[in-house]
């Protein structure tokens, strides 16, 4: 009986959603699923095409980034996942993709402005873009530092990781998370669609204003507030 | 024998068209189907994925927005549907989506200008964008007010809901309607395509003029006028 | 034995290619196939969805636009087809779509500039956009006049319909033709792709020059010239 | 026993990937696969639709562009392939497509700037756009000259063909290569996606800077350097 079977299966299923949702080309993405009791997560092996994946091929890693089980090399972004799991107690899944529109905003090093209710249904802030790291951090333990860069991007703007479940890493691409791997995958599709809509909105009206506060609050609270009643 | 069977089936079938037409991500949309004799409509339950829908899961609601039958919660946009059914006697179906291009125009708070015959085949005006509501309306009975905001957008410009079967709600997304749920779904695909074409047209030629009146009239009348002969 | 069977079948098969190639939404398109010996063409019936088509439903029309056989109403664009068949002796098929990018250029009332070899592989000119008609022509025999407008667009620029097999009708959408219905359908996919590439090219470099003459000539001639050797 | 069977099969399989990856319309592309021991390559026959291809239809050509075996005419771009195989000893496959976004950059005659890590995961330079040839070269042995134009584009900027496996031919479209035909096909999908992201990045932020050197180096080296550990 494999005590990691649940998270291997969950990570496998969640990884397989990425190509179905059109969020990855080749192997440009990875999902992990955590077991908080055991202090580990299952993550996609490095460079393996989605069509060759199976639950058994998932690699088990602890929250310090040390491989616990698995014959394949874990995703090269593993340390970023480990840092986030270690510091954010209430997340159970993390996704990284290079989805086209979200990556374009990351390359532009811009936060995604909150322009409509599709965005406000999910959070109340511009989606933050973590600034690129300095040369020293990049040349050092890069993937580890990426985790801290993500955390700083939220903290410096007073955002909770439980509300803002998505971020852009400047010059790189989006990371998303959630209570479960499924929710993290959902968020990776949401950030891509919100990024696409915001791009189009600025093309249609370059001087467009951000969403008014009352509308941000209304849409967020009807889905996530105490008396939430959302769901379409 | 279920007296609501017909509209449950119609609402189910129409809802299932939205993902097929590429108009929704996850559950970002809903369709309702009305029975005018019984004074009710069937609408998608809140937050249920399209792949889990069935006719039995549709919720029956009256034109004041009160649930008449069904164990699931109706779409959070239900009151907007109710207002429109109550005031517009000749509509039998309503659709709400967050389709990408139409939503981008809504976020830009712009009417979609009539630039070509694809638009004029369906109506003779710029597709109106209802302005965002004031804070008081938003904090009050929001979805109910959205219905009136839609009605005002047409009335203030002298448009009939029988000709103009589509609207953008500013900062939010499109609503469409029609004599049947099928027609309302058709209209939701049309507004998305017209929105996409208008966006591209302005990119290709920023100073592009609106369509000349004679051409608007010709195309609309050959499809909808007394001696209509349209259909490709 | 039905003497029109061949063109009914050809028109049916060609019409069914349009949704497969992503060139039409709903019924926004039509293809016809001509029999020069019999002086007639088969054309899609008006307003019938592609999934309900069959060879038997095609309508037979002569080159003056008079229906010869068929219980359904022919496409509302039938007279445009008739004019072109009557005046251009060497064409055997005509296609009309509202494909997205080509229609956007038509709405912008701009010729599509020749920016690359993908364009020059098919013809040596900017793809002409026929100017919108005056009010009198529009209010008169509109679809008939559309045919002459197309012919004038080529003639006024010294183009042969045997080289330039595609045109934009200003404010409306593209028409294409060819020796066979298959070639006409091929051309409708080509004009859409060339329109998309030209749009992107101008976005990437607003002041981009047209293709140099020697390269236009080289690519066109290697595919269509006396010593043609093209085909990838 | 056919000594060319392996490369025929490899070229066939690689050609069939192009429509699956959405990189070609109709026959607008071709792949070749080389056997270095025999000094030949197998290439797609000219003008044959992908659905009609089979390994047996591949044409065998030597590195001077002379057909060695095969009843069909080889791709019109065959001499370009031959030049590259002759001069670049370590490549085993070449791909040419007219994929939409990469072709738009080629038509704009611009190098694709390195804006993000998706690009740096594959190489460390802007993807070069070879300038259009002069009239004499075009009117001469055009496809042969295209090969030299590609080689010059890399050499003039100090790039190795073993690092930079992709190029735009100005006014024309992309060529890619690699140690195997599979890798060359992979590169043709990468250049299309990188081209699309770079286009969107400039739309979102017109004055966007190139990627900083340390990040270029980090991402390239973690995948391709001595201590590479990449793979997602």
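As written, the chain order gives the labels A, B, C and D, with residue 1 at the start of each chain.
Basically, contacts are C-beta pairs under 8 Å (C-beta built on N, C-alpha and C of every residue); 3 or more make two chains touch, one makes a residue touch a chain.
Being a predicted model, the structure only gives us computed values, none of them experimental.
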**Asked** Taking shared residue numbers divided by all residue numbers at the interface, is the value for subunit C and subunit D over half (same) or under half (different)?
**Response** different
**Whole-Å gap separating subunit A and subunit C, where each centre is the average of the chain's CA atoms** = 46
**Item:** Distance between the centres, which are taken as Cα means, of subunit D and subunit A, whole angstrom
**Value:** 33
**Item:** Contacts with 2+ other chains: residues of subunit B
**Value:** 203
**Topology of the chain contact graph, where touching chains are joined (line, ring, star, complete, other)** = ring
**Item:** Pairs of chains satisfying the touch condition
**Value:** A-B, A-D, B-C, C-D
**Request:** Enumerate the contact residues on subunit A facing subunit B in the complex.
**Result:** 115-118, 186, 189-190, 193, 196-198, 200-201, 203-205, 208, 211-212, 214-215, 218, 222, 229-232
**Complete:** Given the complex, residues on subunit D that touch subunit C span 25-30, 44-48, 73, 75-77, 96, 98, 100-101, 103-110, 132-133, 135, 138-139, 142, 171-173, 199, 202-203
